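Below are two complexes that have chain A in common, paired first with chain B and then with chain C.
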Partner chain A sequence: MSLNDYYILAIETSCDETSVAVVRNGREVLSNVVSSQIDTHRQFGGVVPEIASRKHVESMTIIIEEAISVAGIGLSDIDTVAVTQGPGLVGALLVGVVAGKSLAMALDVPLIGTHHIAGHIYANHLVGDIVYPSLALVVSGGHTEIVLLESEGKFRILGRTRDDAVGEAYDKVARALQFPYPGGPYVDKLAQSASEEIVLPRSWLEPDSYDFSFSGLKSAVLAEINRSRMKGESPDFSALARGFQQSVIDVVTTKAMKAASAYGAQQVLLCGGVAANRGLRERLAGLCAEAGLPLLIPPHSLCTDNAAMIAAAADLKWRRGEFSTLDLKAEPVFSLEEWSVKD
Partner chain B sequence: MQLNERREHTKRYVLEASSEADTVEFADALAALAVPGTVLAVDGDLGAGKTRFAQALAAALGVPGIVNSPTFTIIKEYEGDKLPLYHMDVYRLSLAEADELGLDEYFHGRGVSLVEWASIIEPILPEERLHIELRSTGPTSRTIRCTPIGERYEKWCEAIALLKAEEEQAND
Partner chain C sequence: MTDVRQPTTVTLLALDSSTASMSVAIVRDGQVLESFTTFTERNHSVRVVSEIKEILSRNGIRGEELDGIAIGQGPGSYTGVRIGVTAAKTLAWAWGKPLIGVSSLEALAYSARLKTDSGEAVRPEAWIVPLMDARRGQVYTARYVAGKDAEWHRANEDGIRLIADWTVRLKEHAEIGAEQVEVWLVGDVAAHEAVIAEAQASFAGFRTLACDLDAGALGLLAERRYRSGHRDDVHAFVPNYTQLAEAEAKLLSASRGE
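Here is the complex of A and B:
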């Protein structure tokens, strides 16, 4: 332990997961405990924590203790407490916010309210160096955004979904293809193994727009299923999955690369839970190689909701001494741009 | 958990929306009547236009910017010029989970609650509410069927000229 080392304890409870992490010097993950990944049979008598706030409450102290213990430090070594302030489900956020405030107060260390999407983006900083300007493609269950980082900690949203997030579109198509919820990963697998493709429309929106819309594509999948059934045939699910996946990947990667070029990005960052999608990773890697742009993708454990990414984003504010006050509130709707670091 | 009872005989109103413009007009009419604590319980299959309807209602309530799907986050809150909108999608919740989320605070809050896949949580919806069922009849045409529960919503259905009363019948 060097004298200059600092330790961020981060808490994330914006949706389904309760997660606590300890990160050294903003980049070195010492522990990153996520409720669904730990031995739930031992801790919770077989009940996997769910979306309800009560579940976050039940698991919070256990997960804080686990994160401290795995990190091999003591609570008194913590220099600051970071907590996801928003966006997210208010009841879930509140649990993390109250735990974070209490801990910061008890340890007498600064509190840093952190933006969930900034966390997804800065998860990349845990695995590599970020070169500015950088272009981030955020694809998760609830978010699909193209974000420009003009300089460190300065966020500008160039585009976002107008209806379903990519993850939602996958899950809804999975429902139509009769997979259980959440079925996104099944669709990815089915698409990968397909030998045929039913070509589906691409939704480009206005020529200069970086926004997305996937509801038309969802309707196209449903219409295709209906058409087959009317003819008394069984729909070719794998060809449909392939057609859906190709359409999504085409639009998402084309828009991201166009934005990267238009804003002179030096690098592309892929993040969010859907970054695990194989088709998406491969296509984006190919396009970045062609454009001569380095691409960073965090490992799966740092792409899905986790607290280490919250520590990585909070580090931006820690190094600038931008702390939150103890009257910090959970913000279900929270602007990423406004969360940017001060000049 | 306090469960409400499904009423046996309720009047139903229907709108055959031939285009998206009709759906928007219906949303405008609802927004004009909306008051704090309004609860719209929306059902319909995947692709029936639940989120599109929510977007039209949001625009009519004066919500600026993008209103997108709340499927993953379950609830999205918006401030509108007229009233706040609480846009919910309870598809991935069980009744017990929904009950623990404390949705009552939204239902009895300052704004309009629009709940997609509302039938999943029907037992914990407020006693008075407007059920709206969307059914796709073509690429942009929809059948919108309203079942008002409570006097306030019955009056609304009578007042909205687009809606035609259906013959009284028992809910199946």
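Here is the complex of A and C:
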């Protein structure tokens, strides 16, 4: 321990993971405890907000204690408490926000309300250096965004989904292909192993738009299944999975690379739970190599919702002394751009 | 020679945010040092920690000096209960203090009991029935008996009941005794005015008192419990919702083939 070391304790409860992490000097993960509720929500076929909130209350102090103990530090070593302020499920966010505020008050340290998507993006800072301007492709169950980082902590959203998030589209298609919730990873696997592909439409939207739309693609999958059944055939699930995956990957990577080149990005960052998708990683890696752009992808444990990424984003504000008050409010809808660091 | 059994000074922070009001208090040795209640429904999470910080500082008490934290366990607004319980658990854990959970209904009933003491006299054996509106003609409720001296006990469990059925049950039960008992319906009485008026027409023993939950009352109940050795496990402590989440209830009835 050096005198200049500082410790951020971060809390993340925006959806169905209760997570607490301790990160040293903004980049060194000492602990990142994630308590997943996935087994609970699976029986309902999706996340039930009220149940997620109940589970967060049950595990909150247990997870905080575990994160401290795994980190091997004392409570008095904590220099600041960061907490996901939004976006997310309001009831779930509230539990983390109230716990974070209580802890900051009890320890008499500053509080940093943190943006969840900034967390996903800055998870990359836990594994490598970010070179600006940088282009981030955020793909998760709740989000699909192309974000330009002009400089450190300055976020500009170039494009976002107009309907379903990528992960959401994957889960819905997975359900149609009769996979259990959450089925995204099954679709990826099936698409990888498919020998045939049923080609599905690409939704490019307006020529100059970096936005996305996946609901039409999801409908195309359902229509294809219906068409086969009407003919008394059993639908070729693997060819469909491949067609779906290829369409998603084509659109997402093409738009990301186009934005990277248009804005002179020096680097591409891939993040969010869907960054685990093998097809997506491989394609993006290939395109970045062609364009001569370095690509950063955090390991799986830092891509899915976790508190270490919240600490990584909070570090931006810690170093600038931008703190929140104890009257911090959970924001289910929360602007990333407004959360940018001050000049 | 000092009596070793003589309890030393006990100072508790008390909090409840399960209803439309949020109340914080500090109690010490059977006295309420300060009780502060705000009415910012849907906004309890914004002010909860600041209110606690401010009441401690106004009373010159540091968190480390507390003997424990008393918390309203619900029932009430699901979100509201979670806000209070999360704050109390986190503070108790961080400060290493005991947590003492008290039913929010009991705290509401006791808030009324303290009020009636100073105003209208509650005769011995009066029943105090706290009411918290739970929509669709339902209330979270229980029944407490305020006896002679400081006697106080629970006579019906906390639960969610239809107010119309509940008043009929209370009336039937009250009529069994030889002496007429006073039945105090307290709390959210305005929300159920019509049903209560009907009940009063058929049974003269019903009294009403509109009141809010006072964390001072909660703290006093908790102090008694604290002095008798009661402590709740900080990690294991959970709100008492009295009901399954809707999705769980549906799943359960589906699995029973209903």
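By our rule, the second predicted complex is superposed on the first by the 328 of 343 C-alpha atoms of A that agree within 3 Å, B and C clash if a C-alpha of one lies under 4 Å from a C-alpha of the other, contacts with A are read in each partner's own complex, and residues count from 1 in each chain.
In this text, a residue touches a chain if its C-beta (ideal position, glycine included) is under 8 Å from a C-beta of that chain, and two chains touch if they have at least 3 such contacts.
Because the structure is a prediction, the values reported are computed rather than measured.
Once the two complexes are overlaid on the shared chain, A:54 sits against chain B and chain C alike. In the superposition on chain A, A:75 makes contact with chain C only, not with chain B. In the overlay built on the shared chain, the residue A:88 is in contact with chain B alone; chain C does not reach it. Using the contact criterion defined above for the overlaid structures, shared-chain residue A:291 touches neither chain B nor chain C, since it reaches no partner. Residue contacts after overlaying the shared chain place A:64 against chain C, while chain B stays out of touching range.
Of the two partner chains placed by superposition, only chain B is touched by A:333; chain C is not. In the superposed model, A:199 makes contact with neither chain B nor chain C.
Once chain A of one complex is fitted onto chain A of the other, the partner contacts of A:102 are limited to chain C, with no touch recorded for chain B.
Comparing which residues of chain A touch chain B with which touch chain C, the overlap comprises 50-51, 53-54, 91. Those residues of chain C lying in contact with chain A across their complex are 45-50, 52-53, 63, 78-79, 82-83, 85-87, 89-91, 93-95, 234-235, 238-239, 241, 245-248, 251. Here chain B touches chain A in the complex through residues 46-47, 51-52, 55, 66, 68-69, 71-78, 91-93, 97, 100-102, 139, going by the rule given at the top.
Against chain C, the residues of chain A that register as touching in their complex are 43-44, 48, 50-51, 53-54, 57-58, 60-62, 64-65, 75, 91, 94-95, 97-99, 101-107, 325-330. Contacts from chain A toward chain B in the complex involve residues 15, 50-54, 87-91, 140-142, 160-165, 167-168, 171-172, 175-176, 181-182, 211, 215, 218-219, 222-223, 332-333.
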